[in-house]
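After this come two complexes, each holding subunit A, first together with subunit B and then together with subunit C.
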Partner chain A sequence: MPRPLALAVPEGRARPAPPREALAVAILAALAALCPFLLGWISLAPNRLLSPRPVALPMQAGTGIAVACFLTGCLGMVLLSRRGRGLPWAELSAALAFAGLLGAIGLGAGAVLGEAPRMARAMPAAGFWLAVLLLALGAGSCAAGRGATPSRFLALAVVGGGLLLALGLLDGLSVVREGQARGEELRTALVGHLALAGGALGLALLVALPLGLLALRQPRLEMALMTLANGFQVVPSIALFGLLMAPLASLATTWPALRSWGIGGIGAAPATLGIAAYLLLPLASGLLAGLRVAPPALVDAARGQGMTPWQILLRLRLPLGLGVILGGLRLAAVQAVGLATLAALIGGGGLGRLVFQGIGQLAADLILLGVMPVVALSLLVDAGLAALQARLGAAGSPGR
Partner chain B sequence: MIRFEGVTRRYGERAAVDHVTLEVAKGRLCVLLGESGSGKSTLLRMVNRLAEPSAGRVLLRGRDVAGIEPETLRRGIGYVIQSVGLFPHWQVAENIATVPRLLGWETGRIATRVDALLALVGLDPARFRDRYPHELSGGQAQRVGLARALAADPPVLLMDEPFSALDPGTRRDLQRELRRIHGETGKTILFVTHDVEEALALADLLAVLEDGRLIAQGRPAQVMEQDGERSVRRLFGEESMAFHRLATLPAQALAQPEDAEDDLPVLPAGASLKQALLLMLELGADRVAVLPDGPHGGGTLYWADLVRAA
Partner chain C sequence: MRRPGLAGLGVNLAGFLLALWAAPRLPGLWRALFPEIARPVWESQGWFALLFEHLLLALGAAALATLIGLGAGIACTRGAGRRLRPVFDAAFALAQAIPPVAVIALALPLLGFGAAPTLLALVLYSALPVMRSTVTGLDAVPATVLDAARGLGMGSGRILARVELPLALPVIQAGLRVAVVLAIATTAVGAVAGAQCLGTPIVTGLANGNTAWVLQGAVFTAWLALIADQALRLGLAPPR
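Then we have the complex of A and B:
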């Protein structure tokens, strides 16, 4: 006797509606998959001075696997994002697509160069860059589903890229060659950049923390501090560096001993000072807003229980405002990494040196060599502090 | 226990508190009654030095509070405010333990004390100890606020409109609880409110403030006397004076000492004439039986006697 098949399908098992982000992710992934095919994977320039032209991606085992990874990643984004629970996986799938794409052009560049003249240089074509942008946007849409930044995509993309680089699969790319040729210079620039950004952030914290704490109680000091911090934001950074030149130069002339500490009209000292001036606003306003998260009635209750001002600060204001304070720190840290690029203009070193040198020589690879670590640093700092903010900020207000 | 001696607090030209002299004996529940801006909160906050007098002095157990370091002073005084002010990132137990921890009690002693206090304010320790403030209703939060104020067993409690933000039913429950806790612990309580009925339900000693001046003080019945000051009558509402006055008088005082008939409605012991009136209105009765209580014998309370008293 035939069984009633209709009963075998339980009722009410309708598929859950795809999340809002599904359509955006699908479109972005599809476009990303198309881009390299339409606009080219890699370009070849006969030498450093001539313009590059797109060339076909040489098909062989390595590139084939890489392209397959790329397309699988894109397809994965489309399929996984159809369920709300799949969104984090779709984000990781975007990272897979990125790694595949990077591997494809790395291997492709190596193969193309094998048949090209010795001076030839291979670099990513427009299709690569556009696809990377679309993948990042797609990952961003996935992360928006859980109300966060695409930190998982970034982390995996960085790990994947680093792995490919370490395995030597990207050695054919001109920017990697440029980096290898200037390895020492790049390291110095990176260290200098970190020192500039870190030093400026430290200096700004040194000023903003005590003044912010004092300003909490003294409205007039708060007004002065915020006016000053806002004022710095209005001055263009080059102008600020210029303005700092004269007083610092005269200081160094008056006390020559200062010169031995690197203080003078140009160099790292005025650059650090200038950058620190810009960081004052995000730090001070974040700190003050954070310290005011605890409502006045709560502070009154704490005083009434016999807490000292110090205890109120440490046990009440800081834990409750930590999320907001870290938000200000995050903004300032990212700004510091970006602004440190400009230090090269007044001889302050940092990754900006490579960028400006590249601009001077019309060498796109050199510019890229300077810019990419800046972007990576910014993203890293932002993602790191965002994670810290999410963890500590949530601890301050459980269940909210 | 608490003595205000010619206390004045000026903000610029305006005197928020103007030459107030008031004494609250040990174990009394003193209600400071007044409209907003009458200076009642400022007066209260001068006891734990959240406000400082411009002139005069505040004595606590005979000592001028100005001579005691503010934090030390405050740890020895319970403090409850309208917005409760529980620390949102601490669990109920941690909130209650605020002052004991500041005083450096050992953890075992604190845990025992917290459970005892939760039980005292009518919350099951096992259920409430580990909750966060946002998991509490308004009434539960203020019970925790009261427990926190009592944590280090201070002899004095300051309560600044503690029940004003609660709905009427919860407010009456908490008023009853406060009277019970006051009876059990014998604390000296200074209680600020703008609610006339709340003041009459709680006060041993009533102090009425207007524009920073103390315009009446005494037992509630004294303050409510028929020929009282005009501004007091205005505050209580001219037309409901009689009703409020009944709330200050015990029902036993007017009861005829006779054996009550068996089928009369019975008034609970310790009830006021207001409650007797409400019971008569409710049941349409012209007399009720009054149970004996303390010095008073029981008897029958007649409608005519009650009306004459008002």
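Then we have the complex of A and C:
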């Protein structure tokens, strides 16, 4: 249908209207570009105890290039998001800005420390943190049309950050120094964290898959399963860990043989059990909703053609509902990574050990060292599974 | 069918308060359960004081979050605010991927020990479900209804107050319920950052290897969360 003449834009060449994300991205990018200039790039603390003060970013060739990258990236976000097709590129531009920002404070910290006393520590200032948040929100706004998980930005930002770290450009930052001093501890914590989250996810899958399949045909089992899973969700995680502690400890005292399997009041076993309890709801509800995506008429038709229940499940229900099922898995995996942080409270290890140690000493670097991998892990897990969901879910559903 | 639910809630609440009152008065019970612990009774603070602080923090944060969430939700469904909606969507997605304990831990060096970091995390995490449900509810108001209201000569403010918000209320209430339950649960985690609440005995007990304190704190924290969930299910039940 031709557009009514009255609505045509009278002046200049006809341009496609900017997408609805354009204004949001432009504002966020502009604010992000201003933040470090207004609130400071890096702070310097004379030693570990005194509080940090913002200092000027030393201008050298290296920092100059990095700042230029940062500003170019912000400008790129504004310009690229003017066109709908440019949005993915605007997201990559945000990653460039992030890498430039990180490089600038890394190089700046190195230069500042060169002239400072030996005990001095350099750390990112408020402007840096705010700019990172705004860049992430900007990238998320670019991706708002497709589920708001800026997987491109995250992938590139993590790779860029890792590259800068590997090149030694970030060595001046106090959190990097803390990480180098505690290399072994950090590695153990990371492995422990992955084992906790993965173990809990596996355990929850072992319970949720068979029960979910059975519940598909038995409404009473479904109600029981959902009531239980919902109940776990309501109980605060820290309380559930506490509740598991006493019974497991007394079990282990009654049958000492259990202790050799790692079952006791404290440790990784109760933590894994507690985390798994929370994953039941997203997994089971995702599975049940996914298996019900297939229209009943279609299931009836398949039954009429003589397909067995297994064939209906594998060829009809599973492919059609894959996107929804993966959505449940994604939610569960992200929750597992976050909950594993609390495992350290009951001696379960993981990155939470560093976090709670840092809280105990009120050591910001140690807290950061523990929290940053947790945040990066959950963002990566979320983005990875979202990408998988987009690919497989779309392939499985007809007409798309 | 509301009476039985209400009675159940009343019994549950009475049991909870009675248990809170009885907990420090039954040293014999705790000694029998935990014979190896020297001081199994939690006596540092009164349970009712902890409950009060817990509720104050959680409900205060939820009220603040409701104001923010409602305001943001209304703002980004009309006029120029519509174009800022991607930011809120992105914030929602980002917050879902970052655990609350990470926010509390990150805010700790900036805001110091106590309730402040917890309050920040609580407001952030509770505002999002309210905002999302406000947007969903307002979006679902049929355009024909809005046209009719405009035809009656109502201004946009009156349409919002008399037509849109009442129609969106059930959805907004569902978001409120999520926000309050989330706030009460997350407050307990705030104990690790020094916030006084029912989670405090858990954290203190874990630090001192006192399983009895952990159990008492855990039982009461979980119980409170379940009561809150039950109460909100009753009070904010969607009309059928």
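The definition used in the following text is that the second predicted complex is superposed on the first by the 382 of 400 C-alpha atoms of A that agree within 3 Å, B and C clash if a C-alpha of one lies under 4 Å from a C-alpha of the other, contacts with A are read in each partner's own complex, and residues count from 1 in each chain.
Criterion: a contact is a pair of C-beta atoms (placed from the backbone, for glycine too) under 8 Å apart; a residue touches a chain by one contact, two chains touch by 3 or more.
Predicted, not measured: the structure shown is a model, and the values here were computed from it.
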item	value
Subunit C versus subunit B on the shared subunit A, clash or fit after superposition	fit
Partner chain(s) touched by A:23 [first = subunit B, second = subunit C, both, neither]	second
Partner chain(s) touched by A:298 [first = subunit B, second = subunit C, both, neither]	first
Residues of subunit A touched, compared between subunit B and subunit C (which is higher)	C
Partner chain in contact with A:342 - subunit B first, subunit C second, else both or neither	second
Which superposed partner A:364 touches (first subunit B, second subunit C, both, neither)	second
Contacts of A:74 with subunit B and subunit C, given as first, second, both or neither	neither
Partner chain(s) touched by A:240 [first = subunit B, second = subunit C, both, neither]	second
Touching partner for A:316 - first (subunit B), second (subunit C), both, neither	first
After superposition on chain A, the shortest CA separation from subunit B to subunit C (Å)	27
Where subunit A meets both subunit C and subunit B, residue numbers	none
Subunit B residues within the subunit A interface of the complex	48, 50, 70-76, 79, 81, 83-89, 98-99, 102, 132, 134-135, 148, 158
Interfacial residue positions of subunit A with respect to subunit B in the complex	295, 297-298, 300-308, 311, 315-316, 319-320, 395-400
Interfacial residue positions of subunit C with respect to subunit A in the complex	33-34, 82-87, 89-94, 96-102, 105-106, 108-109, 113, 181, 184-186, 188-189, 191-193, 199, 202-203, 205-206, 211-212, 214-215, 217-219, 221-222, 225-226, 229
Complex contact set, residues of subunit A against subunit C	20-25, 27-28, 136-144, 147-150, 231, 234-243, 245-246, 249, 265, 334, 337-339, 341-342, 345-346, 352, 355-356, 358-359, 362, 364, 367-368, 370-371, 374-375, 378-379, 382
